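Below are two complexes that have chain A in common, paired first with chain B and then with chain C.
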Partner chain A sequence: MFKAIFYKEWIKTRWYLLLAVATTLGFAGYSMLRISRVVDLKGAEHVWEVMLSRDVIFIDLLEYIPLLVGMLLAVVQFVPEMQRKCLKLTLHLPYSQLRMVGAMLLYGLLVLSFCFAANFFLMALYLHGVIAAELEQHILLTAVPWYLAGITAYLLVSWICLEPTWKRRIINLTMSVLLLRIFFLSVTPEAYNQFLPWLLIYTLLTASLSWLSVSRFKVGKQD
Partner chain B sequence: MKIDELKDFMNKGTMENIIECKGLTHYYGKRLIYEDLSFSVPKGRILGLLGKNGTGKTTTINILSGYLKPRAGECFIFGQEIQHMDPALRSNIGLLIEGHVQYQFMTIKEIEKFYASFYPQWKKEAYYELMNKLKVAPGQRISRMSCGQRSQVALGLILAQNPELLVLDDFSLGLDPGYRRLFVDYLRDYALAENKTVFLTSHIIQDMERLIDDCIIMDYGKILIQQPINKLLNEVRKYTLTVPEGYALPSMNDFYHPTLIRNTLEAFSFLPADEVETRLKTMEVPYSVLNSEKVNLEDAFIGLTGKY
Partner chain C sequence: MLRFSKILFYFTVIFLLLWQLPWCYNFFTAKSSKSGFVLYSSIIGDFVITGQQEGKDGKEGKIVVRRDLSGHKYTQDEVDSILPMFYCRQLMSDERFPDSINGVEVTPRLVQTENFVFKIAPTDLNTPHIGLYPLLESMSGRVELEMPKDVFRITNKGIEFVDMATNSIESAKSTLFTEALTKKGFHFPAIEITGNPTTRKEYDEGYVLLDVNRQLFHLKQVKGRPYVRIVDVPHGVELKHLFITELKSRRTLALMTDKNYSLYVLTAPYEIKKVAIPSFDPEKEAVSIIGNLFDWTLRITSQEEDNYFAVRSDDFSLIKAMKNPTVEETLAQKIGNYIFPIRISFTGELDNFVKPRI
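Moving on, here comes the complex of A and B:
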């Protein structure tokens, strides 16, 4: 069944995913080019110096990109389900409704993780040859909360999209903004290092919210 | 309930109720839709739910398909309470959503491939037989099809699923007369040949007359009539009588929605003509000519539920 569910989700999202991977890799690549230009003009030592003394990480351009990518994936994946209540068709299939919703979210998490992993791979590949491992880790660890925010945004926007009433959607949206704010409280590099495992648990917990919306849909809540 | 249990259920007897709803009550906010509604659909029958806008047809379909929890009462399909039904049992319920909704983002070929994975008894040829008649390419996206074509895709998918029960919400919505006729003929032939049970609603009463065995006519808040269509059409009569102009209508039990236009009084009733004549004489109605005529389903529906 997973294969069939993934097949449907793939049809919905394939063009968006291509765009998302290209865009995020484009931004990550551009950030690496910025480092490359500084290295070419002023030498690698200058990069190390500004990173250590002035908290510059060179990838600040990426801060909100994963957030946007995660939000749009949820929209692309779940708005077609809610158009003319297509979700009824999905939930009518002879398969556990909880597992169905879980499989749809799992698909989103897997493709989003693939897209974000490609970003990290590209950055790690370039940085490995230019700066010391500690500084490479410094840059990548600073980016981790931004990418976790992208995954959380995906799960929260899924929750909003699957909600059957507009009134509750607005409430969910407000709560989502507040929940996502947590990922952007500090601009200091590696500020979240001690907090990362909790942030990961926090992200995974938001996955359960979509089932609340589906449960409301199932009992016929409407505006 | 597993599929074997379902087969046992289906083999218990030909008049086994496939759908059974008891004491349904539902409100939207404070507005009562209906109260204490009970009905059942025996195996192998095609039952049409008729009613004016707002009488609760779609509400009933939503309850039956498990997407609305009634304020009170319960519904059973294949003997299982709908809200807690075994997911496997849904493979034996074909659902057509109002407007022939299907996944717009898929093509004819993709949607067949997707659904086929969920149904072990999937009949691919039944779907493609219908698609070949449409003369559309397998790569045609559903969002770019006309409403009529989409209705055939939805019907083809239900035929391929080959369920025991079909629940169809307003199947004629948006269809031109040709596609409506095609849909009705295909469905009627399929249901009779395979002894399927069908529960449906439609705004087009003429289509229902060609298709259904039994009907439930709903009025605001209640069921007005539930009986086989042949019995209804044999028994209900339109009576017209000539009365003096300006005649004030008395209260008439057993007469549905009597209307007076100039000096012609029109009413519908299940009473035979001689009984009507006796009643009119008892009520001292000053009529001169009494006509009785059989009516089609649409006229019967309007006569029994009123024009307003």
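Moving on, here comes the complex of A and C:
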């Protein structure tokens, strides 16, 4: 059943995923190109100096990209599910409903993680040759909350999309906006270092909120 | 699973309310509080406070009031005269600059060399740090300082210089500096490394460091070679934080604090003098120092208190202390404290980190 769910989700999201991977890699690659251009024009020393003295990290462009990618994946995956009443059919299949919903979310988490990991791999690959390990770590750790926000956004928007009533959707939306704001409270690089493990745990826990919406859907809540 | 989801939902609702409601309340009720400008005058032997005060019947708006602690009021011209070191340029412009102050002959050039402003905030310490440090050439023979082509890191084994252009370790230079440090008794790694690696200063003093045994060292680069000096620390003093000063006068090398929150000055050449103030915790308090040839005025601000100290600039003995009356809580703040006994925030005034705090 897992395979079947994964295949169904893949059919639904494959073109979007291609676009998401291309967009995120495009932005990450462009950020690396910006560093490369500074190296060509002013020398590698300039990159090191501005990073050490002015808190420049060169990847600011990426800040909200993972967030958008995560939100849109949830929309692409779950809006058709609700509009075409596919979720109703899925829940009638002779298989654990919790596992089916879990499999759908797991699919999203896995492909999103793959997409984001590709970004980190690309950046680490380039940065490793140009700057010291400390500076590379500085850039990548600064980006971690942004990508974590992308994963949280995916889970929260899934929660909103699966919710059957508009009144509750607005409450969920408000909570989601506030929760996602937490990931963007500071512009100081590496400001989230101490908070990252807790953010990661909470992000994973938000997957359970979708079950709340599905349960309300099952009992027939509607506008 | 449903029960867990519900618990998480309500936990999140409470968490967000404890964060957002006090924030919104503060946003709409916050009022700015301005404290006056305070400076010690060695001419009158008292603090001079310049602040704003409501005019008569509130009709004249706010007026500037200059007074000392005994309540004596001064005009702007009088303040210029009793703070000649601070208002040196104004006195020169008015052709009122004295030949001598407190029996010491002074010139505008001397005053400008000795005057300084130095600030330390908790956010300077409580912030993410990258463990790479540029070591400038402190005796290049040129007037302008230049940024080096490499940076150093201190590991458990020694000091490593990394060439920025090639991102590779400079083995010869690393060995030279490691040997120089080891020879002087430095035990790796360093637990505190403080410098001011910028070209926007008149001279470079490199770095002051604490080794793993909290022994104090001074490291700089002189004509491409290491200059390492071990500094004797008074018995019983366990240094914790260092702040390199690089003042125009070159009379001090660094400010330092120890585990008991005492403040010390490392003078040139290498003498440690205790500043006679009760305590200073740089992780929680900010200090701003306005110094001159005769005295330093230190303002130490914490979230609860705002204290001023005047100390002599030669032996740092206490001349006078003043506690600024804490600004009384407004009615809105009192109500806020009552309505929101528990608040959650993610950012704070004392650090640059994002983390939940109650």
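Side notes on the structure shown:
Everything below uses one rule, namely that the second predicted complex is superposed on the first by the 222 of 223 C-alpha atoms of A that agree within 3 Å, B and C clash if a C-alpha of one lies under 4 Å from a C-alpha of the other, contacts with A are read in each partner's own complex, and residues count from 1 in each chain.
Criterion: a residue touches a chain if its C-beta (ideal position, glycine included) is under 8 Å from a C-beta of that chain, and two chains touch if they have at least 3 such contacts.
Small disclaimer: the values here were computed from a predicted structure and weren't measured.
With the C-alpha superposition on chain A as described, chain C and chain B fit side by side in the combined arrangement.
Applying the stated contact rule after C-alpha superposition, one finds that A:Ile131 touches chain C and leaves chain B untouched. Measured by the number of chain A residues touched, the leading partner among chain B and chain C is C. Contacts of A:Leu178 after superposition on the shared chain: chain C is touched, whereas chain B is not. Contacts of A:Lys3 after superposition on the shared chain: chain B is touched, whereas chain C is not.
Contacts of A:Gln83 after superposition on the shared chain: chain B is touched, whereas chain C is not. Judged by the touch definition given at the top, the superposed model places A:Val219 against chain B, while chain C stays out of reach.
Of the two partner chains placed by superposition, only chain B is touched by A:Leu93; chain C is not. Superposition on the common chain places the nearest Cα atoms of chain B and chain C 14 Å from each other. When the two complexes are laid over each other on chain A, chain A has no residue in contact with both chain B and chain C.
For chain B in complex with chain A, the residues that touch the partner chain are 62, 65-69, 87-91, 93, 95, 97, 99, 101-106, 110, 113-114, 117-119. Put simply, chain A touches chain B in their complex at residues 1, 3-4, 7-8, 11-12, 80, 83-86, 88-89, 91-97, 217-220. Against chain A, in their complex, chain C makes its touches with residues 1-2, 4-6, 8-9, 12-13, 16, 19-20, 127-128, 130-132, 134, 147, 149, 151, 153, 162, 164-167, 197-198, 346-347, 352-356.
Only residues 43-45, 48-49, 51-53, 98, 129-132, 134-135, 138, 175, 178-179, 182, 185-186, 188-195, 198, 205-206, 208-209, 211-212, 215 of chain A touch chain C when the two sit together in their complex.
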